[in-house]
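What follows are several structures.
Presented sequentially are two complexes of chain A, the first with chain B as partner and the second with chain C.
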Partner chain A sequence: MTRDPDSRSGAFAATLLSPIGMLYGMFLVAPISFFLLVSFFRYSPQQLYLPTLTLDNYTRLLFDPYYRGIIATTFRIAAVVTLATLGLGYALAYFLSRVGHAWRGILMFLVVAPLMTGVIVRTYGWIVLLGSDGLVNRALVALGFVRTPVQLLNTEPTVIVALVHIMLPYMVFPIFSALVAQDPHLVPAASTLGARPGRAFLEVTLPLSRPGIVMGSALVFTLTAGAIVTPALLGGRDVIMMGQTIYQLVLSTFNWPLGAAVAALLVLCQLLVIGVYFRKTRRVH
Partner chain B sequence: MSIDDRAASILPIEAPPQELVRQPAFDVSPLTRFGFGLLVALLYAFLLMPLLIVIVASFSPDTSNTYALSRASLRWYREFAGSDSFVSAFKFSVWLAAIAAAISTVVGFLSAYAIVRFLRKRRDVGQALAMLPMMVPHLLISLSLLLMLTRVPMPEIATLIIGHVLICMPFTIAGIIASLEGVDPELEAAAYTLGAPRWRVLFEITVPLVAPGVLSALIFAFIVSFGDVYIALFLSGPGMTTLPIEIFSYIQWESSPVVAAITTVQIVLIIVFGLMVERLVGLRAAMRL
Partner chain C sequence: MQTVLRLEGIAKRYGAVTALGPVDIDVHKGELLTLLGPSGCGKTTTLHIIAGLTTPSDGRLLLAGRDITALAPPYRDIGLVFQNYALFPHKTIAENVGFGLRMRKVAKPDIVARVRRMLDMVGLPGVEERYPHQLSGGQRQRVALARALVIQPSILLLDEPLSNLDALLRKRMRLELREVQQRVGITTVFVTHDQDEAFEMSDRVVLMNAGRIEQIGSPEDLYDRPQTRFAAEFIGEASLNEGRIVESAGDEVVVAVGALRIAARAVGSGMAPGAPAILMTRPERIELTLAPDNAAAPMLVSKRVFQGDRILFELSSEGGQRFHCSMPSIESYRAIQAGSNVSARFRECRAIPAPSQ
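Then we have the complex of A and B:
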């Protein structure tokens, strides 16, 4: 069998995989490992860091009230945004899974389009909407709710609303995938057996869409916790999240070890949340 | 002759299921139905409002973000075209996105092919590893590349390109894997039996069959790179500022409808690209969500 496609396939596969292996190894795994190592180094104003191991950066983060406040804000915002997008995204995904084929393409595209324009474009849209001469303030004044424009920018609710807007598509698609993967005969079967619509939804459709819920929530939580641009532009100095702190520590004060420690803590918490989430769902199944 | 027809003329293959099943609706009261419809309409308004408002504001005749369409002007588009910093950032973004998309599509294709055809039992592991840049926050990728730059002598532009290639990889790999799954391995096996070497089979049989998927991965990677903020935030420097970063630093200090004009151009560009992907393979397949 000289022409067996399986012979020497290992070498061929290795050749195909070598570019990605080199790319990820040299520019993803190695730099990130070193970066995380730097979080255990000592800060030095002259040399970026001194390679002596210490836990000082972490103890400072966990005990300094300033950093504790930032960590609390970050995870509070991430949790609220995840819950809000879950509720709204489920409704949208449910709608998309029930809509006819003629409309589905365009309706899906309208959900993806904002995602593809990038974070800056959408954040800028919110600045225009919520600024002191923005549409929302004009409407409030015209309707007589307020006399003078209210301060909407630089508040935490605004940051949350904008982040919900930015994250919504990430929640919709995993849930949609889980919904359309269900056997379309299940719901009619449940109602034949006497289940009312609400009960059929809660006991059949909702539990079966759990993988999508888990996937979407993990994605949204991670992305929100690492946000920089949206809180920086819409929250100003009043809403500071861990992402902005890392940016400032690294690019303004050049305190790489502390910046790396904030980043490491952020990633650790994200992994923890994702881990707990996945474990919980596995137990249910 | 479409690619599917050509494939069918070589060997009768079963077409992959294209249409998704429409789920049955619940039998609920008209009031509930109306309430749900209203909620969905409001959600769409919420999703699209910030984009529509930017488009409207870009035609504003004065510096306030006015919405009087009756006095629409192209003043801010002229301002954009006349602004050196924005135009060069726009050109740089296109250049960077084209390079990053090309590299990540080539590497992504090779990886996706190996994952689908050769990994077998370890396929899940391979696929998960390929998605690594999506699981790590982009912030961490760009910071660690920046730190690497302080230790390893390499050009700054190279790190920026590598950063963008990294964040595009999960999208190109996932999209191309989806396309490869629609190709019957028997077609390749047939070519082997007829004596073609592996690389020839790859380029003469497989690549033409998945060409729409590869092209859509290329466009998708372009979109991902073009819209990126996190990589460029730390890795762009003088003379290599991307458009989103130029806008970011501009609106931190001032707000003028010129930004609305630029973002409108960007929205139109991305929507055109998005529709191209939709035509080619369907957006959902491209995003693998």
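Then we have the complex of A and C:
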């Protein structure tokens, strides 16, 4: 007996999707909607929030110099980290896509390996390296470059370097896939038509890896903008990003409405970036 | 005849393995020369060496008298059409075809005009603004051809350009490609493993096997006078039977194959009486009759395959030699069945030197 697969495919798909749908609904859509709502409520030290609608939280975020500074720091760090991982990641991905298969496996493992240790472990690793009694400072003193240890922790450059290290795989993989998906005959074709290697790269390889670049950049930008652990451990009180602020407002100061507003702003910006990403990639093919 | 491209002792080795040569080939002005052979015979390696995509281990490459052996592809003045066309997927057809002109810093209005003229010539007017994925396989093939020709290279290289098309389109494109090649008058090196393609399109064919040249000649030459056993087997249908020369006068010889004595023309040297030889017969050059014929060889029909317009017979001689024979599908031949005794007359047979072991 054969059954028409179409007649039951709708119900079948719904059955398959319902567990994950419920999970997302209960633990993602519902809390986010609730938080979005709370961001329009008034703060109350006694009851967490009062259910009266207001735009105060948002006006405070956008006009209070303290919060404006945090927002600026967050997106500045996210932009710098994205650009730095793009430069380093593209070179690495290009190399990986050209190297022989035996080497590719080993190098690929080295790129993925950091992902297998937690972000906290890796961040503590940076503290060991960069602390005033860390490896880098000892080396600097021993080599006579400086007399006393330099402050490396709690500075923005350190947070950026650590984030670049953590985010690199997220940039390398999308670009690598875009590069290996290219027809290997295109560059030789360009060269027989008179394009020198640099020109062939700019005319063919680079534009065709754009989906990978956009995807990797969107991933790194959103992940960096939402980073908490790395800036908290390596930036301390001197480098504060939106993620730490949300954490503090919600769990330390219990100002849920303001924390919710910071979270809403962050999510909005991330959605914007992802939206731009989808637009860009759809235009390619 | 003017030589446009000369390969002198070109060889390619990978470690201890010799993939190619050394080979010597002269490509004459305006001709279409085909590199024909089974996969792995070195034909694509040869083409890539001409294009500069592979560096030869040995030998010299002269294009229009200039040594280009050490020259990178952008400086070689060649047009190459890849097997999969290798069109730039993110560029329009006009940008694809105009790419080589832009690299040569041709002025923009000239590029537009030359691209249009070239697209007209390959029969694709008005596709300038489309993208490669919006075209059919045959159209893409023509765009690739236009892109290679618009830069007016000294030589056009075609790397199995028809193998990605369906059978019907492939046959049409053969004629079309040949027509464009002749109209432009461009010297062309064409790589294929398809013998029909090679025969229909080429002025001359270079038959390659295991990295070496078996024979160079016109399609007729290769078909009529194969110099080696490989050439006889690879080109067309042939029955090959080992025998011995029993009489010879000039290149007219008689070959003894089992109990049969068959007159043949000798190809190659060393065909004195007593020498071993391979008797090559072509299926269209054997005539069958059911009637006994004293001047013909008696044969048993061991197989009969009806093909519509032709009937194929496999004939077995008393000594166990097998011959393939193809007859037109008319009543007198239809009557011949498997198991029939027939008389076979052999015409225009060839005696090929037996490979020395």
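Rule of thumb we're sticking to: the second predicted complex is superposed on the first by the 267 of 285 C-alpha atoms of A that agree within 3 Å, B and C clash if a C-alpha of one lies under 4 Å from a C-alpha of the other, contacts with A are read in each partner's own complex, and residues count from 1 in each chain.
The criterion applied here is as follows: contacts are C-beta pairs under 8 Å (C-beta built on N, C-alpha and C of every residue); 3 or more make two chains touch, one makes a residue touch a chain.
Since we're looking at a predicted model, the values are computed, not measured.
Novice: Please work out whether A:P65 is in contact with chain B alone, chain C alone, both, or neither, and reply first, second, both or neither.
Specialist: Neither: A:P65 stays clear of chain B and chain C.
Novice: When the two structures are overlaid on chain A, which partner does A:V204 contact: first (chain B), second (chain C), both, or neither?
Specialist: second
Novice: Regarding the shared-chain residue A:P188, is it in contact with chain B (first), chain C (second), both, or neither?
Specialist: In the superposition, A:P188 contacts both chain B and chain C.
Novice: Name the contact category of A:G144: first (chain B only), second (chain C only), both, or neither.
Specialist: After superposing on A, A:G144 lies clear of both chain B and chain C.
Novice: Regarding the shared-chain residue A:L251, is it in contact with chain B (first), chain C (second), both, or neither?
Specialist: first
Novice: With both complexes superposed on chain A, which partner does A:L129 reach: first (chain B), second (chain C), both or neither?
Specialist: first
Novice: Considering only touches as defined above, state whether A:A113 meets chain B (first), chain C (second), both or neither.
Specialist: first
Novice: Between chain B and chain C, point out the one touching more chain A residues.
Specialist: Per-residue touch count on chain A favours B.
Novice: Touch check for A:P45: first (chain B), second (chain C), both, or neither?
Specialist: neither
Novice: Need the overlap of the two footprints on chain A, from chain B and from chain C, as residue ranges.
Specialist: 188, 191
Novice: Okay, in this complex, where on chain A does chain C touch?
Specialist: My answer: residues 183, 185-186, 188-196, 199, 203-204, 207-208, 284-285.
Novice: Tell me, which parts of chain C touch chain A in their complex?
Specialist: 51-53, 72-74, 76, 78-80, 82, 84, 86, 88-90, 99-100, 103-104, 133, 147-148, 151
Novice: Quick one: in the complex, what on chain A touches chain B?
Specialist: Chain A residues touching chain B: 3, 5, 9-10, 12-13, 16-17, 19-20, 23-24, 27-28, 30-32, 34-35, 38, 48, 88, 91-92, 95, 97-101, 104-105, 108-114, 116-122, 124-129, 131, 133-135, 165, 168-169, 173-174, 176-177, 179-180, 182, 184, 187-188, 191, 197, 200-201, 222-223, 225-226, 228-229, 232-233, 243, 246-247, 250-251, 256, 259-260, 263, 266-267, 270.
Novice: Please output the residues of chain B touching chain A within their complex, sorted ascending.
Specialist: The touching residues are 19-28, 36, 39-40, 43-44, 46-51, 53-54, 57, 64-65, 67, 106-108, 110-111, 113-114, 117-119, 129-130, 132-133, 135-141, 143-148, 150-151, 162-163, 165-166, 169, 188-189, 192-193, 195, 198, 223, 226-230, 233-234, 244, 247-248, 251-252, 255, 259-260, 263, 266-267, 270-271, 273-275, 278, 282-284, 287, 289.
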